[in-house]
Structure formats: structure tokens, C-alpha cells
Amino acid sequence: MIKVGIIGSTGYAGAELVRILLAHREAEIKWYGSRSYIDKKYAEVYQNMFQLTDEICKGEDINQLAAEVDVIFTATPQGLCASLVNEDVLSKTKVIDLSADFRIKDVKTYEEWYKIEHKSPKFIEEAVYGLCEINRDKVKEARLIANPGCYPTCSFLSIYPLLKERLIDPSTIIIDAKSGTSGAGRGAKVDNLYCEVNENIKAYGVAVHRHTPEIEEQLSYAADENVIINFTPHLVPMNRGILVTAYASLKKSVTYSEVKMVYDKYYADEKFVRVLNKDVCPQTKWVEGSNYVDVNFKIDSRTNRIIMMGAMDNLVKGAAGQAVQNMNIMFGLNESEGLELVPMFP
Amino acid sequence: MIKVGIIGSTGYAGAELVRILLAHREAEIKWYGSRSYIDKKYAEVYQNMFQLTDEICKGEDINQLAAEVDVIFTATPQGLCASLVNEDVLSKTKVIDLSADFRIKDVKTYEEWYKIEHKSPKFIEEAVYGLCEINRDKVKEARLIANPGCYPTCSFLSIYPLLKERLIDPSTIIIDAKSGTSGAGRGAKVDNLYCEVNENIKAYGVAVHRHTPEIEEQLSYAADENVIINFTPHLVPMNRGILVTAYASLKKSVTYSEVKMVYDKYYADEKFVRVLNKDVCPQTKWVEGSNYVDVNFKIDSRTNRIIMMGAMDNLVKGAAGQAVQNMNIMFGLNESEGLELVPMFP
Amino acid sequence: MIKVGIIGSTGYAGAELVRILLAHREAEIKWYGSRSYIDKKYAEVYQNMFQLTDEICKGEDINQLAAEVDVIFTATPQGLCASLVNEDVLSKTKVIDLSADFRIKDVKTYEEWYKIEHKSPKFIEEAVYGLCEINRDKVKEARLIANPGCYPTCSFLSIYPLLKERLIDPSTIIIDAKSGTSGAGRGAKVDNLYCEVNENIKAYGVAVHRHTPEIEEQLSYAADENVIINFTPHLVPMNRGILVTAYASLKKSVTYSEVKMVYDKYYADEKFVRVLNKDVCPQTKWVEGSNYVDVNFKIDSRTNRIIMMGAMDNLVKGAAGQAVQNMNIMFGLNESEGLELVPMFP
Amino acid sequence: MIKVGIIGSTGYAGAELVRILLAHREAEIKWYGSRSYIDKKYAEVYQNMFQLTDEICKGEDINQLAAEVDVIFTATPQGLCASLVNEDVLSKTKVIDLSADFRIKDVKTYEEWYKIEHKSPKFIEEAVYGLCEINRDKVKEARLIANPGCYPTCSFLSIYPLLKERLIDPSTIIIDAKSGTSGAGRGAKVDNLYCEVNENIKAYGVAVHRHTPEIEEQLSYAADENVIINFTPHLVPMNRGILVTAYASLKKSVTYSEVKMVYDKYYADEKFVRVLNKDVCPQTKWVEGSNYVDVNFKIDSRTNRIIMMGAMDNLVKGAAGQAVQNMNIMFGLNESEGLELVPMFP
């Protein structure tokens, strides 16, 4: 039984880790860390967990934690994990960081976009970017996982095969993304109040959203050249779900079947990436509560562009689910253990 | 492996049966019945099931079905199950009816409230009302289960202990219930369009809702006298969830602890009924996607009344979940097999 | 042109005052008071007002305000208006208080339920409870209006005719109310975050909600005896709207027509109270954005109870609209000036 | 007093015409046309209109109508207006068509995208495309107005100044649009049920949506060259509102101020187009219920693209509001009569 500690267990991503791990047959949560709710019962913070766990929230002393558990998930604000992690911790336990601290290899880029100083740049190189379908082999050996961001996961998986196969012009990529509100976290802010979000949609962080360099870095690896994109996130009045609509110019004329084959080449054996049938547009509701990413595409011969679409649950494949998938890979378990979650509809 | 057939698998309750049974380790769906989608892939009707089932929707010939499966779930409009069931079917297979056809023992009451003729009254007596926590022993032996309605399940479980223990005056019971929209089914009606339901709340079926006699019958058994109630359902802009707020006059002065003990007496050992801590009001979101019913109460000494509250997911404990719970009991399985669903929040 | 000052103009009720008064032909807002946004443009706090007002938020010095305007609206937390008002202010200007400070005549009751000391009890007697349809004549002469609470307005108007005409037993009244989330205000609290409210319904303040004594006091005047009730509010995932479902036992057997005549007796000439046709249940969406209260009833001969229903927009008739209606009456204007708002659907 | 007839008054756009015209001081609805609800009271179809209109729904005999009213609004499915209109009607009355029948000058393009035969192509040339801010002078003289589509209105107004001033490359325009559900109409379809739309977002009509050629035609006029675009609409879980996020490559390096001046050049004197302040992203909620379009932009120097954004209420400026604005212009009234609607928030 893998012993698990969670730092930041009382945020939405932390709570989703708890939801998934409580049903995981090979892991057991030993430590519910929280800054705001120390000494409070976890099930009083998240009443859905009543009678499912009787544990008390503890503080977040990573050194003590490292001595007691096999793996630590950090579901914390940017900068915290980087300030906590050290060689001693990594020598005793594995760390899966759900924040952005170790996702970007170039520390200057990180510091520019996140406006904070990186406290442990020496571990950036070692950290493995935990996009399981792409970096599975590296994940197996990793001590420190940079769990991908929600937008980057959905964006990258929607575009990757076409970029890898050189079918699209990297300089033309535009990503228009839409997210449910849980992505904004459980902090009490006016902008996230029910009455501000409900019956409303808006773009935000236009041209400056922090997930931009993360997406660009991964796309650059795939394209084997430097990729600069437009990325525009929108806030949608729903709890969960991310939908990505991405645009790019085709490098040559292609048929539906040719493109479908390219997607299948990369995803046919991937349990958690579903390439939908022709003309079926991904919907966030069809993946809610599950670890799936649904992708599809449409060729527009009038403009010689291709529209790539992807849908997933931002808290599962976009956060906690992928984190558990990484844990499964790191510990040699069945990769889908605990993640055989059937999407809930309606 | 129990072989399962579903008649009405393409309605919302049917789809929830599929969601639950696909993860059930001892049952396998052999027959996806549907009137509207025969020969269509089930995963094209419910795209969330893409790659999870490759089955085709079939017709609803109950005799053929009875020869092939161990248990038939009927998730169909009122009257259909009663018109299909016969001795031959029941001698070959078990039937769990999610409609109201066999819930009410008095056929005249059924016909008055439902405005249809009952086509097989001879099986009413035999049918067991499948409120698992109350009728577990009878369920074990049953061939035909009348799976309880959503409102009745939540209403009854919220009130039952106090009525059984004679703490409340049965003639004063008022039930004010609120339901998500999935309870109205997947039929295309103007009243259930997004724009009609969203940003709106209304009462409906006031003083004439068909679940009234079902609730009254079960309360009458508990009270051992004839109980007549007011029951008012409301339509709430959400997909899932039922909340019951019930009122009754206390027969004598009681303390919080005394009432708590009464609830615990009946539910302490019931996995799927959670008696919440003092002053915690049930919320539908805390049980979403799970088979739990959360109940609690508040004594109002000013009016000498008690307010009883209950929350559950109308599609799980209020329909498909309880149906599977009944199946588990009938086949001697672990009662919670397939139902260890952690509530999803947010 | 009436000069208006608003203390608390940046809360939701304050913003609704602004929305209504900007289209009012006989009033002009001279002072946008705010504690949190002093010196900020009002249209930057509420971007919907962009180009509709260019005013800057000012502080809340009531003495200065009194010298400059004809009427002050206070849309502020409980206790503030009572701490500001004084004889000098009232001698110069009229005050319409949207908080609860002057609604309850018995100061001890106020202090018990609100847990705060009343800072100017000497004005309580003078204050007129501004339920326009009931107290129109007194409002005309008033200097200080206690603008009714949202729940009390909807509850009282739904029940009033039957109580006044002695058709129902006051000791049996139970009010089950449902409100949209704007009633909770614009304060940044976890409980009011989108993800906490959406797809959820709960009761709150069970048996202890502060609107209880306010409703009771008004019902007692109507019944000419002391009335004690049960009042249970619920939080509904929508922005606006209150629905009241009230129950009471009938004192004698009555027909639909008899009860309808009683409602018509009191409301036929009231523009803002609409008695719906037989069997039409009020829906909050049908009054959204308007000053209407829609009421109706259903007799249940099985239980000898009557179910009374009312729907209104909590921010209009339940707050800002009624406040403007009071202003119109106080200044001898057409009572519906600025309030001819057609409900918005969908 | 202008006499108004509405064909299709019981759809959502028709109902919005009623909402606006009931408060219009120079127009009066004389004819509530409806196919589905003939002889039913209008206020029974739209209960929000109870006591606001007592009229009965009539049939849709356009010749009779033409004899009785000064202007006819047709808020009907594609093809109907084209099949009804004739020289006799146009000689007696003005027609404002909210459908697409007369929006596209090339009849073949219309027939290809709409898959129906055009029944009166001879009036296409005469019809004026009623985008008031652009074609005001032509509208004044028109007998037949093609009221613009919702997506085209918001898309075009967001892009127009930059295209007109040759700041962007027309071949790079990509429009990613998001709409509330009222745009889908009041027809009873499974896809528009509450439970299908709520907690969900999807793209639809990808690369084939019928508003594409309408947008392209108008953009082509502005650019003075043939413009081909990508247009992708999305369905958002909200009743009202359209948000457009459009992308294009800049033809030369520009500053914020330069672009702002271009927007101001075209819109500074336009009451219903609000160019927001720097870095304020349009939100649909800020224009709800009003005739405003809020636009803004963001320059991304990294990619040399500009992101143009627009938000409006699809039923007001995107349908009924603009139709009334056209009527006002045609009849020489104040252009904003009946349209001084303050946006409702929250």
C-alpha cells in the first residue's frame, strides 16, 4: 500500500485527489495537509467526505511528511513547492507537484510570467513534465514530477499529433480555450462569486496568461522548433470542464482519413485519449468526473485551416487524475488504477 | 457474472444504470433496450460511453430478454412494465421495475393518481417495495421489485425514524421537496428546455403529484395508521439532486440528543444513510453521483415543530443506485458492490 | 428633480437602485456612497454602467449627504443605518433604509435575532414599515422608511389576504422559501463562490433566520393576534428571485372562487401584485427584473390545508424596486414611475 | 403611434420584441402572430406578460396584416419570410425580417448554406442589411430590412474598424464565438434540454455554420476585397449573451493608442457600441437585457496578432433590439426610443 501525503488537500485540486485516492486500491492517504484548516476534520471542510474519512487536517511540514509517506502531492499556489522541496525530501520520497513550479525548463521564462523568484532552480532540470502519454518512460524513473497545467494538457493533446507529423504550420497556431470555474480555485474572491460568474462569459488573461509559455515549450519539443502561439482562456459558468478550440493552417492538402490516421497513430492505444468519430464535437459534459480527454478535428478546405478540439475535466485529467496516473506509473502499478471513472451524464 | 438486461436504457435513469453497472464487478450488461434508438450504438446516444461499451441498442421483447438474462431493469414510463411482465418472465428472471407500476398496493389508488389502467394487478401483491434499508429481508426473496420513486425515497428516509418512534404527529407532516431537472427525463418538452429552467424555480403538481400516495403508503406502514400529507415538489435549475424539507409537530418535548439517538438507532449501521452532525444542513452537492442520503433535523421549540431534511442524488439513490442495491441484495452480493461512489465536489 | 444619495451603492441592492434610478424621470443620483471603492469610478465597479454614469464613488458622511440630497437610501449591513441616522439628518432629508434596522418595533427582539445593539432605538417608533401595498398612507407622511426584507415581502403578500379574512389558522403557518444567490450580497465568502452554489441546493438558517421575527410581526398585525411561524430559507443556484411556498390549515371549507375573491379584494387594484389564474404556479423567471409579485394558491381538500405561493425578484420588489416605490409615494409621484419594468424572459 | 404586427411572436426573439415594444412610447403591437398558439392568450404563452397584454395570438396572414399595420416584424424560421413577402405587402407596409432570408445578396450562396430554395429572390437586391451603425442612411429609405444575425452583428462590429482602416490582414481572420442557449430558439429538442446544456460547453456547426457567409459578405464590403474566414460558434450554459473572440494578424506595428483611436473614430458617437477602457475584457453579463455591444482589443506583440472582443445580448442587439432600432430609424424616431435599457447585473 502506497502511503500518500497531500500538501494543499483543501483546495479543489486537493479535494479531487482525495476523491480519487479514497477509491484507489493500492494507495492510502496518510496526511491531509492544509494551511487554513489545521486541526479541523477534513470531512468538515468537504462534507461530501463525511464517513468516508475521519482524518484531521495537519500542517505542511514537508520534512516530517517525507519521513512518513512514499509520495507527496503538492496542490498549492505557485512558488510553494519550489520553496519546500530539497534533496533530503527527494531522497526519501517522491514528489508530484500540481503547481507550475517545475513545468518550465527556463527559469527566466518562469519568473517573467509568474512574477516570482524561483526558490529551487536546481531541481528544474531533473523534474519530469508529467504528461503521461508523452513522457511515460521518463515518469517511471522520476523523483519529481511537474504535473501539467489544465489548459496545457488539453491544448497539447489536441494538437500534438499534427504538429509531430508536420501537418500544420506552427506559426499559425491559435488556441481559444474555455474553462469551468473550479480552475480558479476555492479562494474567496468577488470575481468568482456565483452571481458574477453565472449567466456570464468573458475572456481573461488575454495574451498574458501564464499557461502560454508552458504550452509553447511542449509544442516546441513536438515541432522541434520554437513555437509561439496565441492562447486565450475564457471563464464559463460551469463547475468543471475545459474545452479547447485550436486553429492552424495546414501545410498541405489532407483528407479526413489521413488526419484521422495520424491521431490514431498516437492515441489508438492510449486509454485516456479518445479520438471521437467523424463530425462528433467534444463536449465537456461527456468526460465529466473522468480522466478522459476527447479530441477531434475538422478540416476547412475553404481556408486551408484545421480546427482541433479537445475536452476534458480540468480537475481530473487536468490536475488530480493525471497526478494519480503519474503516481501509478512511478510505482509500477496499472496505469489506470483508481482512474476507471465512468463519465457522469447528465 | 450476473447477466443484466435494461429496458429503457436510453433515458436518464437507464443511462445511470449503465454508468453504475459498467463498473460493477459481478454484473454485465447483455442487453441495452430502447424504443427510440434501436440499431444505434449506445455510445452514440450517450457519447460519454464512447469506448466504454460498443453495444448496439436492441428492442424490448421481454420474453426474449427473460431467456437471456438473470435480471431485467425496466426504466420506462408508467404502465409499460405492468403491460410486459408475466408469470413466464418472472419464472425465468428477476425484474426490478424503476417505474411506479408496482409500488402502490391498492390498485385503485394507482389508477386514480396515474390515470391509467393497471395491466397486471395480480403481481402487485407479490412485488416488494425496494427501499433497501427498510425491506432488506423481503428483497432477498423477491422476484419482482418495485424500485421506490426519487421523492419517496428521500422523503421517507428523512422522516421514518421519528414516525416509527412516535415522536411526531402524522397528521401534521408537510413535505416541501426540491429536485434537479434530470428527474423530468430526457423527453423533448418546452418546459424542460434550458432557457425555461435556468434562472428559475417553481412548484409543480401542487397537491396532485403522483408520488404523494406512494409516500403516504410507506409512512402509513411506519406509523401503523393512515397518514395523509402535503407534498409539494419544486423544479430547481440543476441537473441532479433532491432536497427534502419536511415539517411535523412534535408529540412531546424532546432534546437534540434524544432525536439524534433515534436517527442513529435506525441508520448507524446503514452505509448509505448518513446522519449529519448537529446543525449541518444537507446539501445535494455533497452527495452528487453517489448512493448516499444525507439526513438531519432541527428542533424548533418556538413552534414545537421539527424540521427534517434529506438530500440525495435523484438518479442514484433515487433511481439507478437503489436499483443496483436491490440487485445486490437479491443475488446475495455485497450490498454496496458497484456503489462505492465517492460524491463528486464541486 | 429629486436629488438622491445612496449609502452602500456598490452592493447588489445598491447597484439595483442605480439601475432603476438611472431610468427614473423624476430622480437623479447625486451621491454614490461606498465604503470599499471611494474615489473609484462607479462604472469601474459595475462595468454595466459604463457610459451610463461617469460618477466617482464617495464616502458615506451622512451629515454632508443630508445637506445635499432630498432622500438617502441606505443599502448597508445591519446596524449601520441605526448608527448614522439622527434628528438633524431626518429634519433635512428623507431616509429609506434597506437594512433591517428599523423594521422591528420591539428593540429587544431586534437585538436578540441580530446579535447587535441598536444604536438609535428612539427612531424605531417613528419609522414606517414600507410595505407599500399595506402601509401606503403612512409612507406618504414618513421621514424614515424601514424598507421590508426580501423574504418578508414575498411571504407576507402571499399570505396576507387569507390571514386578514380569518380563513387560515395562524398557528399552522409554515413558510418554505427559496432564494437566488444575490440575496447573499457581494461579499467574498467561500459559501457564495460559484462552485459551491452551482448544482446545489440547501436550507440555511433553519429555525433561526433573522427574517422570522419580521414576518411574524407583520403577520401578527394582519391577524390581530400573536403569530409564530416556521420559516425555512433555501439557497438556489440562480442569481435573482424568491419563491415562497407557504402552508396553513383552513379554518373552514372554502371553494376556489371564494379564496380567489379574497385575493382579488386586496390586490385587484394593486399594479405590482398579480394574482395568477387558476392552477398557474408562480415562477421566479416570470418576474425577473421587474417589481411584480406573482401570487397564487391551491386548496388541498385531502388535508384541509391551503398552499400559498409567491414569486418576485429579490433585488427589485424585495429591495431596490420597493425602495423606489416608497420614494415615489413619499414625494407624491406616480407610484410606478421608474418601475414599469417588463419582466425579462428568458 | 406606429402600428406593429409580429409574425412569430411566440419564439424567443418574438417575445423579446414584445418586451421591448410594450415599453416603446411611439409604437403599439396590434397583431401577435403565431403558428402554434392561435387563439391562445399571449400572456398564457409568456406568463411574464400577464396583465401587461391581454391580446390573443392570431394567425399569420401577411396580406391581412399588411392592411392593418405600419410595420411587420418577421421572427420566423428561415424561408418563411421569403415565401410571404410580395410587392403588395411592401407597398402597404414596411417589413423587418429577423430571419436570414434577405441578408445575403448572392442567392446561390444563400441556397447552398441554408439548403432551401429562395422563394422571392427579386427582393434581395432591394433589402437593406440593417446593421444600423453601418447602414443607417439606407435603412431610412428602406421598405424591407434584413435584420442581421446575432453572431454577424457581434463579429462584424468587433472587427469592422480595423478592417476598414486596413490594419489587419483579412485572410488571417478567425472568429471564435460563444453564445447563450436562447439563440437556439424555443423548439423542443433534446439537444436544448436543460440537462444537456447545463454544465457543458461544445463547439457546433464547425466550418459549416450558416452565419459564416453573412459575416464574410459584410467583412468583404468593409475590406473592399473578398474575405474568407473561420467561424466557430460554441454553446454556453447561459440564457443570453454572445461573446466574440476574433484573431487577425496586424499589417504593421501599432500601439494601443493608435488602435483605440481607430475604434473611437467609428464608435465614439455610437450610443450602442461601447469601446471599453484599456485591458477591460467584455463580459456578456455587463450588457444583459440591453442594446449595447461592448468591444475591446488586445495587441499581442509576440505573435503580431490582435485579439478583438465583443459582447452583446443576442436577443437584443442580436435580434429584437436591433430590429426596433431599425424601425426607429425607418420611421424617423429617436433611434434609441424603447432601447434605453440599462443592463441588468447580476
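Order as written gives the chain letters A, B, C and D; numbering starts at 1 within each chain.
Keep in mind that, in the parts below, a residue touches a chain if its C-beta (ideal position, glycine included) is under 8 Å from a C-beta of that chain, and two chains touch if they have at least 3 such contacts.
Given the structure is predicted, the values throughout are model-derived calculations rather than measurements.
> So which chain is farthest from subunit A, going by the mean of the CA atoms in each chain?
Of all chains, C has its centre farthest from that of subunit A.
> Give the chain pair, either A-D or A-B, that is connected by more C-beta contacts.
Of the two interfaces, A-B and A-D, more C-beta pairs touch across A-D.
> What is the distance, in whole Å, between the centres of subunit A and subunit B, each centre taken as the mean of its C-alpha atoms?
So the centre of subunit A lies 36 Å away from the centre of subunit B.
> Using Cα averages as centroids, what's the distance between subunit A and subunit C in whole Å?
Computed value for the inter-centroid distance: 45 Å.
> Just how far, in Å, is the C-alpha centre of subunit D from the one of subunit A?
Distance between chain centres, rounded to whole Å: 38 Å.
> Mind pulling the residue numbers of subunit B that touch at least two other chains?
Within subunit B, residues 12, 182, 195-196, 198-199, 237-240, 283, 285, 288, 346 contact more than one other chain.
> For subunit A, which residues count as touching subunit B in their complex?
12, 15, 19, 22-23, 44, 46-52, 182, 199, 239-240, 274, 276-277, 280, 283, 285-290, 294, 340, 342-346
> Taking the touch rule as given, give the residues of subunit C at its contact with subunit B in the complex, in rising order.
Of all residues in subunit C, those touching subunit B are 174, 176, 178, 180, 195-196, 198-204, 206-207, 228-230, 232, 234, 236-241, 243, 245, 247, 281-285, 288, 298-300, 302-303, 305, 307, 309, 311, 346.
> Write out the stretch or stretches of subunit B touching subunit D in their complex.
12, 181-182, 186, 188-190, 192-199, 237-239
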